[in-house]
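There are structures below to look over.
One chain, subunit A, appears in both complexes that follow, with subunit B as partner in the first and subunit C in the second.
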Partner chain A sequence: MTHLELDSVKKVFGDPEKEGVVAVNDLDIDVPDGDFLVLLGPSGCGKTTTLRMIGGLEDPTEGEVRFDGTVVNDVKARNRDVAMVFQDFALYPHMTVRENLGFGLRRENNDMTDAEINERVTEVAEMLEIEELLNNKPAQLSGGQKQRVALGRAIIREPRLFLFDEPLANLDAKLRKTMRTEIDELQSEVGITSAYVTHNQEEAMTIADKIAILDDGELQQLGTPDQVFNEPANLFVAQFVGSPDMNLFEGALSERTDSYRIEMDVASFDIPKRLVDTEIDTQDVLVGFRPQDLYQARTRATDGPDFETQVRVVEPVGTEAIVHGTSALGDVTAKVGRFHDLEPDDQMELTIAPEHIYLFDPTTESLLKGRLVTERAEGGASADSVEA
Partner chain B sequence: MSYVDQAQSSYRNVTRYIPESLRVYLPILPVMALVGLFILYPIAQAIYSSFFTKSLLRPSEAEFVGLANYVEIWTDPDIHQVLWNTFVWVTVGSLAAIVLGFLMGWLLNEKLPYTSVASAIVLIPWVLPRVVGASIWQFMFGGSQGIVNELLVQLGVIDEYIVMLGATEYSLWPPIIGMIWRLAPLFALLTLTSLQGIDEHLYEAARMDGATPWEQFRYITIPMMKYNLAIGFLLMLIYNVRNFSMVWVMTKGGPGVSSSTLPVMIYRAAFIDFEVGFASALSVLLFVVLLVFSYYYIKFYDKVRGEM
Partner chain C sequence: MATDNSDPTAEYRRNQSWLYDSKTGGYVRKTAIGLLTLVIGVFVLFPLYWMVATAFKTTAEIQQIPPTVFPENPSFEGFRLVIESSIQAGGYAGLVNDLLGITVTSAIDINLLALIVNSLKVAVGAGLIAVILGTGASYVLSRREFRGKNLLMSLLLASLMFPGTAIMVPEWELISTLGLFNTHLALILIYGAMTAPFVVWLMKGFFDDFPDSIIEASQIDQCTPFETFWYVLVPMARNSLIASFIFAFLLAWNELVFALTLLDNSKFTVPPGLLTFVQGFNTQWNVVAAASIIVSIPVLAGLAYIQRYFVQGLTGGAIKG
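Moving on to the complex of A and B:
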């Protein structure tokens, strides 16, 4: 039960006076009690360093790490009462599962007797359904079982904070999804504030209360999964979150009475001003279409642009397909239904609703207009109301 | 038909009349022959010789005496001193080499400046030719010019130079010290490699679990290294038991037998007194001791490999 704060935290590896490597720069993150924070970003963005600073395995060069308002910079890792799950699980190979689980309890000044520790170990093992493995050594366990033991070792102490360092990266795809759900359930159940590092945006979106997206040691955005998806602070966030990648095109913008007119190579369209929160005063814009927001014009009509695309590849994913095509605007990726009659070299007309279009400033790369959920676009042709 | 097929076919033709159960040994026959010639035959010869009185001066006059040579070992006036010396060598020498080597290995594993250079330098005693190392120590322990005497005088431990290598009350120790100097680096290297084999994440997990540095050492480092350390310990025992050069170069086992160990006694019996039968009986005794150590060495070695 801890309110975690990072205040202007900076980490420089090597000599800060000389040419040290800045791993994390001026990071401010506030995680309310019981929240699940995910640190998301590409390799080398500083997310793991941030996690290790929270755990006390690295010391911040500048700034403060606070638990419930108390600065813990000088508190040693072993005294922070924080539990961490490592990517490679880091189970003690010479100890049985029972000893692995009990190790942390035995290190605390908790006056627990051997019998009490054993009871607690059994309780946690039952919760994670590993009670029949208690006398095995880690080498005898499968990946998923090791993962459960690693989780058990974290929750058994009822710590102030859970830290997860890419805990699912070493598991196969199917197990990753089950364990993801289990971690999520477990965290909600015990209600312990958690920080979780991953480079997998899908994992981050499904598990997080708040996502902190980092790039090159800098915080790009801190927000809910919905916020980072629909209102990405900048182009980096927009491209990092969401799969397949967002389509980006150049466009020219001109202001009209109650709308902005966007002119692209083969399509022009208006975006009503009521859909835009900010005043736009640039001439050029970057226009972003999420593949999921593109529809075939034959199945759905919108107020947005229509454009011809020549199909290159159709990748079926169940009820929908990811279609890669070439248009006058450039390469386009769309996720569409009714794909069974589509063949390479076919012409397909794609369209997108103005609510769903992202606009970015091409020089600052910051967001001008995000994706609106349909409720806000009252009146006019709502994108979701005319499904054919 | 390829060359491989041809070779296989002619192999089958040649081996057609050899039973299947014996045929499997054919490919390792050359190695078995070498092992037999250079290892098994000398051992058998030594055991055989130990039942004869045989002098190198008159080798043709060998006479079968049964276990008389073994009985002679126990009645020999020097044997108690020699066995005691050997025991002191093995215990003191091995333990000191282990403690020193462990500390050296530990220091080399710390992220200190110049550790890679240091780990190369530390190995010098081990790679130096044995006689060279022993000669250096002989020189340093010398009674009139040795630096050890000078140091002890400077430190005020003794008032004037004393004879060390030639005095029965001291002569055992200089070779042991030389051997510790020689073996500690080996143990340091063993320590270093097994420390480096421990996953850094285990220490981090232990820190997160609330373990103090001592608890990390006690519950992670030691258990993770125990078989490696056991192997190192047995290596120290084996090297110390069979050491010959350090004693021979520094004191020749004397004065008297004051610094003699079993290998020195064997050498004296065989090549100074020319009593091959008696020397062989002593060798068999040493062989049995080494066999016991080697048994445990192989056992621990298998355990280490089993845990990997």
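Moving on to the complex of A and C:
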């Protein structure tokens, strides 16, 4: 039960005065008690370093890590009372599952008798359905079983914080989804504040209460899954979150009395001012369409732009298909229904509702207009249906 | 590609050779390899065989020319003399006379059991010193970055290249100054120092390959650095530690020159002790051979039991951490 804060945390590897590599720069994150924070970003963005600083495995070069308001910078990992699940699970190979699970409890100063420890081990093993494996060595376990043991080793102690370092990266796709749900369930059940590192945006969206998106050591956005999807702080977040990738086109913007007029190569359209929160004072904009928000004009009419697209590839994913096409605007990716009659080289007409359109400033790359959820028509896309 | 009139499998045969792809070729290869193995085996094992054969010969047969390959009249004379000598020198003659009614008198005055005990003492001591110091040093050399680390590693390697006798004189001076002359402690220290660098290199290979995340997991599991070392690293390093220990043990067990110069008769270890059986023209080689066999038995038995770990330990760093 811990309120975790990172205050202007900076980590430089090597000599800070000379050619040190800045892994994390000026990071502020506040995680309320019991929340599930996901640190999301591409490889090398500093997310694992951040997690290790929370766990006490790295010392911050500057800034403060606080647990419940207490600065823990100089508290060693073993005294922070955190539990961590490692990417490679890091089970002790010379110990049985039972010994692996009980090891932390035995090392702790807790006056537990052997019988009590054993009871707790059995309890956790039952919860994770690994009670038949208690006498096996890690080498005899499958990936998913190892994962469960690693999880068990973390939850057995009821620590202040759970830290997960890409715990699902070494599992196959199906197991990854099951374990993801289990971790989520488990965390809600025990209610312990957690930090979870992943580069997989789908994993992040499904599991997180709050997502911190990092790039190149800098925090890009801290928000709920809905926020980062619908109101990405900048172009990086918009492109990193959501799959397939967002379509981006250049456009010119001019102001009308109660709307903004966007001129693109083949299509022009108006966005009513009530849909835009910010003052826009730039002439050039980047226009973003989520593939999920594009519809075929023959199935639905919108107030937004229509444009002709020549189909290149159709990738069916069950009831919908991801269609890659070429339009006068450039390459377009759309996720559409009613795709069975679509063949390569066919023409289709795509359209998008104005409230779903993203606008970015091309120079600062910051968001001018996000996707409005409230005005969303039926079903369509939401953060829940984002797929990898 | 196959031409129309040929066997359709011909294409797969184009790359075949008689030696590797025909049955006769296979037999030829296996025979050649077998013969080569046999020659090497004889080359390596013949001295051992000769020792065993000699132990079962009588003095007369040993001096026969040409020598016999198999003992013609196998006799336990050599073993009898060694055991009698040990009983007498060990002061058990009276006891044996009382218990078994056998009077033991021996012209030789060497107690083999005492030699073995002395050697065990020295070899175990040296092994422990080498393993404890070497492991600690290699852990630091593997896990920490500091100036002069490579120099230190090179120095340790270089020290392995010196023949022990090259530092005989300074060692002798050192031992005299410390007042350790004619003590087993002197040998323990010297052998420990001689083998520790090897242990450092062997164990460093192990620690270099050791996954960081396991050490970190133990920190998260609230281990102090010592607890990490003791509960996690040492059990996982078991095979390498055993290999290191055996290496140091064997060197100490076999070392002759230092033992001969730093000890006198009363404290001899096995190698100089065996040497005292060799007495100029009067040497009874069957006794020497029998004594050699007897002293190898404890080591052989120990090694047979432990050799599995030894091989795993030596290759452990190279193949999998």
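Just a few scattered comments:
Quick note on the criterion: the second predicted complex is superposed on the first by the 373 of 388 C-alpha atoms of A that agree within 3 Å, B and C clash if a C-alpha of one lies under 4 Å from a C-alpha of the other, contacts with A are read in each partner's own complex, and residues count from 1 in each chain.
The definition used in the following text is that contacts are C-beta pairs under 8 Å (C-beta built on N, C-alpha and C of every residue); 3 or more make two chains touch, one makes a residue touch a chain.
These numbers were taken from a predicted model, which means no experiment stands behind them.
With the C-alpha superposition on subunit A as described, subunit C and subunit B clash in the combined arrangement.
Using the contact criterion defined above for the overlaid structures, shared-chain residue A:Gly104 touches subunit B and also reaches subunit C. In the superposed pair of complexes, A:Arg298 makes contact with neither subunit B nor subunit C. In the superposed model, A:Arg256 makes contact with neither subunit B nor subunit C.
Comparing which residues of subunit A touch subunit B with which touch subunit C, the overlap comprises 55-57, 76-79, 81-84, 86, 88, 90-95, 103-104, 107-108, 153. Interface residues of subunit A, counted against subunit B in their complex, comprise 55-57, 76-79, 81-84, 86, 88, 90-95, 103-104, 107-108, 139, 153, 157, 163. In the complex of the two chains, the subunit A residues touching subunit C come out as 55-57, 76-79, 81-84, 86-88, 90-95, 103-104, 107-108, 153. Across the complex, subunit C meets subunit A through its residues 211, 213-214, 216-224, 227, 231-232, 235-236, 238.
Of all residues in subunit B, those touching subunit A in their complex are 199, 201-202, 204-212, 215, 219-220, 223-224, 307.
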